Amino acid sequence: MYHHIKKLMFTVRVDKPDPRFGNMLLEQFGGANGELAAAMQYSIQGINCDDQACKDLLMDIGTEELSHLEVIGTLARMHLKPMKKDADAAEHDPLIAIAGGGGVALCNSMGAAWTSDYLKITGELDVDLRSNIAAEARAKIVYERLINFCDDVGTKEALQFLMTREITHLKAFSRALDNVSSDLFTIGRIPPTPKIVDQYFNDSTGKGDNGEKDMSGPWNTAAEITTVDAPALAEYQVTSATPKAAKIKDGNGSKQKHTM
Amino acid sequence: MYHHIKKLMFTVRVDKPDPRFGNMLLEQFGGANGELAAAMQYSIQGINCDDQACKDLLMDIGTEELSHLEVIGTLARMHLKPMKKDADAAEHDPLIAIAGGGGVALCNSMGAAWTSDYLKITGELDVDLRSNIAAEARAKIVYERLINFCDDVGTKEALQFLMTREITHLKAFSRALDNVSSDLFTIGRIPPTPKIVDQYFNDSTGKGDNGEKDMSGPWNTAAEITTVDAPALAEYQVTSATPKAAKIKDGNGSKQKHTM
Amino acid sequence: MYHHIKKLMFTVRVDKPDPRFGNMLLEQFGGANGELAAAMQYSIQGINCDDQACKDLLMDIGTEELSHLEVIGTLARMHLKPMKKDADAAEHDPLIAIAGGGGVALCNSMGAAWTSDYLKITGELDVDLRSNIAAEARAKIVYERLINFCDDVGTKEALQFLMTREITHLKAFSRALDNVSSDLFTIGRIPPTPKIVDQYFNDSTGKGDNGEKDMSGPWNTAAEITTVDAPALAEYQVTSATPKAAKIKDGNGSKQKHTM
Amino acid sequence: MYHHIKKLMFTVRVDKPDPRFGNMLLEQFGGANGELAAAMQYSIQGINCDDQACKDLLMDIGTEELSHLEVIGTLARMHLKPMKKDADAAEHDPLIAIAGGGGVALCNSMGAAWTSDYLKITGELDVDLRSNIAAEARAKIVYERLINFCDDVGTKEALQFLMTREITHLKAFSRALDNVSSDLFTIGRIPPTPKIVDQYFNDSTGKGDNGEKDMSGPWNTAAEITTVDAPALAEYQVTSATPKAAKIKDGNGSKQKHTM
Amino acid sequence: MYHHIKKLMFTVRVDKPDPRFGNMLLEQFGGANGELAAAMQYSIQGINCDDQACKDLLMDIGTEELSHLEVIGTLARMHLKPMKKDADAAEHDPLIAIAGGGGVALCNSMGAAWTSDYLKITGELDVDLRSNIAAEARAKIVYERLINFCDDVGTKEALQFLMTREITHLKAFSRALDNVSSDLFTIGRIPPTPKIVDQYFNDSTGKGDNGEKDMSGPWNTAAEITTVDAPALAEYQVTSATPKAAKIKDGNGSKQKHTM
Amino acid sequence: MYHHIKKLMFTVRVDKPDPRFGNMLLEQFGGANGELAAAMQYSIQGINCDDQACKDLLMDIGTEELSHLEVIGTLARMHLKPMKKDADAAEHDPLIAIAGGGGVALCNSMGAAWTSDYLKITGELDVDLRSNIAAEARAKIVYERLINFCDDVGTKEALQFLMTREITHLKAFSRALDNVSSDLFTIGRIPPTPKIVDQYFNDSTGKGDNGEKDMSGPWNTAAEITTVDAPALAEYQVTSATPKAAKIKDGNGSKQKHTM
């Protein structure tokens, strides 16, 4: 059950309404990485969750995001209000101006309606926690960009608060993931096929912008990794879960030739 | 530039077409966690990426996902084909049967059109890598569920291959993230507000299904964490980026009272 | 600010999970007339509302709908859970089964993602109240239909409760509308053009299914109403806000002839 | 069966095309409260309607809205035409300029595609009439806002005509509702649960912006209404359609205490 | 201006309602290739059209499609009606059953809301006519498939009528295209770059399912066509509208030099 | 199987990034007629295609469109990059600026997410080829409009290349259609009803903008065509696949009277 208290979690203050910035703020109200997306993703994961402790965590943060939705909505409302009467302001978001009378709507900064297609909910706890960590990282960077585009001191303070909380949540979900998952590379119960799981497919070859041929990093140089060079051109093909012999290069970089 | 070789990455074999299962397979063709979503998310991140090594990684895996799209599409097509003529088969997906003539379409198992709202692309490399790790975890679990619903040996083998590759990619993106990010709790450049970042809000209280009052875990018991109990009821409110004094509980669990 | 209590507003009891009915229940979780739509419509109207009393009303009911969302979500979750393992159950909603692992998602009974296109928010208080009255009427009838399709006693009781509350809200919004609006036919501030506003256009003519030619009712027989018969065929055309003379029939039914 | 006459219902005259305003006009062409939404909502309700008189009403007005769609489309077309060649004009709606060559499209002022998610059709006549009353009220206010943003005399006259007709329809639907519904608070056939239906839940408490604690109005002070104060905090919970005793406050305002 | 006559263009007769087939029929009511899509595509093209004769053609057929929408809607309604009360019938389309009370809605057979994303409108007459020819071809084949799935004689007759009309329209649009376009390979006003326009890129190579290497047809064997073999692998690259020399091979495998 | 080469098909050069034009370019990246739509439409038709030669054609062009997607994406990225830091640039597309950090996203120029609703795939080869011809014609005209709005020489050259290729594809699909279809007016296998198929319905009558009553063209004057004048007003109605006698005008123009 929910209760609402008529007080914002963060006191919103706007010295000079800026409709253009108000339009940008909608990203965090009705946008893909915004507060409703966060509130719904966590709360619905919570409804589906059988682990009581994590259910509590999900409802805690899901509920906090509802309070954030209210803060960002109130803030955006203050910036958008001039759109009701001022045609130049209205130009920044005619949907808000004409259909909404200068009030907030569950849309992003380009007027796209909020959709639950934004949400990532699988009912698999450790997978959901990974989705939440990624969601918080995205929300953090969006708040940072909004702060960088903002001139108003009061607005910046509110955004700084909300941005901070995303880091709090990122940490909480990360700790929960560490707690429920003994191996971050294991998902679900069916194990991957050995050998195939350790093949890195070099599917993009040739000289990139910087002139080097192919780049390397820990993803294709780790000890257990073997690289399959250009599998399409090598006509790599697997016919059962146990892969047939494929021409591969080993981790130390000595390649085998592939003729097309 | 792309080139296509008329050979599947995994040889598809279907002993007995099952239109009901073919419909389910569409989740990984045109669904939210499917192969087109993966291909597009990584390839577009790659176009936006200024780090040459990670750009290469993103294009490698993005391209592999296109090959997976082709495998899953061919597999689904074989299961869906009877829909063209068989009314009972058609019932499992009338859109495929009537609009598509038993061919695959970029829809999920409930006929929803694929949308780029599924994608998570921020242009911030470490954030995108987190989104990719989560995406691979989701794809893995969806393949696992499909395998569990599948009776056909040939189909299961193909799904096992595709599922395996998601783990491969999960590991690759994880290694890349470790490589580019010195601190997994730091996102972007603006630091979070001290103290506020270490407050855990206990926004959901009362006795849960198991009768215990509030659950704990590393997310609210870690050393630096202080818990704010029921901030709404405590009328917690911040007026600047530096939070005012709030009644909080410290990490060792001794709560302070909050009157409404 | 929101707070969540770990107790449902209505205690949910399901004797025999029915995945087919669980799928139907999603209409009120993630459907067009469901609880999230209600919660968001009223709460966002509340954020936009400058009338303090009505703002309170909107937040009261918007918050209650969040509690309803939790009840219907928990109920649907109990009915859908068998989908995770049972292929026959999964057939009723493969998206829930495969992508969601038998957990609820913000979709309707046909798997369509929830969208804020469902919401009606104009920022004009009396208009919004009309939209809310209509929304509650729709929600009521949807709950009634669900009850009629339901065999499970515990589920029926929960639906009866939720259905009842829609009537409560319908009354509350109706009373609020009566309170703020002195004339239910006046919307906004610009008056309609006299005479034109009292013309009923008989745009659909001929014998209907019951053989009678044209039907009448208070909408075209009220005292001040004049009927314009087949304006397209009469080549009715207005060139300014003050309409030119048009061939019309008066309310007592004596028609004038129109040649094509 | 439909017939089209090559004459507009209202003669459109534009002295000076204004692409910015043309973009705004799209709200009433392809927007949520626009003419296609009205035409489709009423006409499809008409197809579903078993009451011959109301079916006629619905087809009358549904058909008139098609004529309005043509008027607003022609008007918008005249304002948008310069977008084809003028880059500064194109900026107001690049989709119209580049994909549409300066012609109208079924989109709103922010380029969102028209969707039948806008429509409210339940097949329950009195419910549909309520949805139509609300729809007309929304359309009226949107036309009023467009008029307020408009400088062109000819355009204003056309909008005044269309706005006037919305009031005509609002009245017609209201009269029809009065005619078919003996009690505006009764929807469908299953009665609500007594007592619960008369409880007002005070779900949002605390001091609002104006410093007062909780607001009242006829919705919570009507004779039969009892107010349940903060049901979440009072841990209000119902276990059957007949609610258990709950701590409530009666209509005269004397509250009972709730401990958390 | 539009007028509606209360008579269907084709008299609908249903001997035995079949809710499963009624659900399928929705493809042509609210589906991507259905009657509303046709009506809107042609009518809006008509509003945008400056050629008076073709404008008339577009309005003629656009209006006829509205009459078809009414026929298919009425037909679907008759098949769907049992869904209101029969739970087994409801299973074929719970959205229609529960949200719609067994009435038609602007959705396709999988419950997806109609969207103007289905429409193809460019404001370039000859391009629009090509889109219309393709649209009629799609509608024809969808009707054919519906007829093949249909057991009811009366329903089949109605579908045969509607299917026939699509061919009529296909012919009309084809004749109009021949009339307005002197060269079917010329679109717009900017000419394509010579030579490049005559290169066929063999972007998909290798042995297909039938074992042959690469297939040919008039598209790559026409007199003026030169084939660029595997441009990605040949690292084909153009740096200006006049391309630099690229290595290409002809169909029998021996590479020729091509200066472009 | 796909392989990617780290070289663009067309070398992209931008002298002066123009965020406003970058936003427009998104039409061809993530818009309805853009490169992803083309790539997916042809490639998925290819997966569904049983004709080996046409399957090859479809995969050839589908793959080329992926290379075009990369070119247009890289080009748009260069124009959009300033949006990350420049608020005035950001105004042209706040979604790209704030959610995407100045990187490309799969959206059109108005921020609408790419959707597979754009695609036309029926699994009927000759129908699909017609859809492809129309798609290429649309893409050509969109590129032409972009060129007309573009000031940058390097960008214009890239667009000229891409525009040229659309004509190449238009010709290829046209030749394939000629090859597979002996009669362009025959679609599928069920023949249309004679006589009805040769009736042109004059559904839009009256004086158009130019004062003439009804326009004619080869569509209603061809030898086998008879015109049915205003069928709705003539109460034209068919009751079986074999039409009843209807009052029609023959091709030479002498009309018969219709009384309403």
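A, B, C, D, E and F are the chain letters, set down in written order, and residue numbers restart from 1 in every chain.
Definition applied: a residue touches a chain if its C-beta (ideal position, glycine included) is under 8 Å from a C-beta of that chain, and two chains touch if they have at least 3 such contacts.
All values reported here derive from a predicted model rather than from experimental measurement.
Asker: Which other chains touch subunit B while also touching subunit E?
Answerer: A, C, D, F
Asker: Name whichever of B-C, C-F or A-C reuses the B-E interface, so over half of the contact pairs are the same residue numbers.
Answerer: B-C
Asker: Can you check how far apart subunit C and subunit D are, centre to centre, with Cα atoms defining each centre and the answer in Å?
Answerer: Centre separation, subunit C to subunit D: 10 Å.
Asker: How many angstrom lie between the centres of subunit B and subunit F, each centre taken as the mean Cα position?
Answerer: 33
Asker: At which residue positions does subunit C touch at least two other chains?
Answerer: 1-9, 32-33, 56, 59-60, 62-63, 67, 84, 99, 101, 107, 110-113, 115, 117, 122, 124, 141-142, 203-204, 206, 208-209, 231-233, 235-237 - these are the residues of subunit C that touch more than one other chain.
Asker: Any idea which subunit A residues touch subunit E in the complex?
Answerer: Those residues of subunit A that touch subunit E are 206, 233, 235, 260.
Asker: Can you list the residues on subunit E that touch subunit C in the complex?
Answerer: That would be residues 1-7, 84-85, 87, 90-91, 93-95, 97-99, 101, 107, 110-113 of subunit E.
Asker: Under the touch definition given earlier, write down the residues of subunit F that touch subunit B in their complex.
Answerer: Those residues of subunit F that touch subunit B are 1-9, 30, 36, 40, 43-45, 47-48, 56, 59-60, 62-63, 66-67, 70, 73-74, 77, 84, 99-107, 113-117, 119, 121-124.
Asker: Using the touch definition up top, name the residues of subunit F that touch subunit D in the complex.
Answerer: Residue list for subunit F touching subunit D: 20, 23-24, 27, 31-33, 92, 108-112, 141-142, 145-146, 148-149, 203-209, 230-233, 235-237.
Asker: Using the touch definition up top, name the residues of subunit F that touch subunit E in the complex.
Answerer: Checking each residue of subunit F against subunit E gives 3-5, 7-11, 13, 32-33, 52-57, 59-64, 67, 115, 117-118, 120, 122, 124, 126-127, 130-131, 133-134, 137-138, 140-142, 144, 147, 157, 160-161, 163-168, 170-176, 178-179, 184-185, 187-190, 192-193, 196-204, 208-210, 212, 214-220, 222, 231-233, 235-241, 243.
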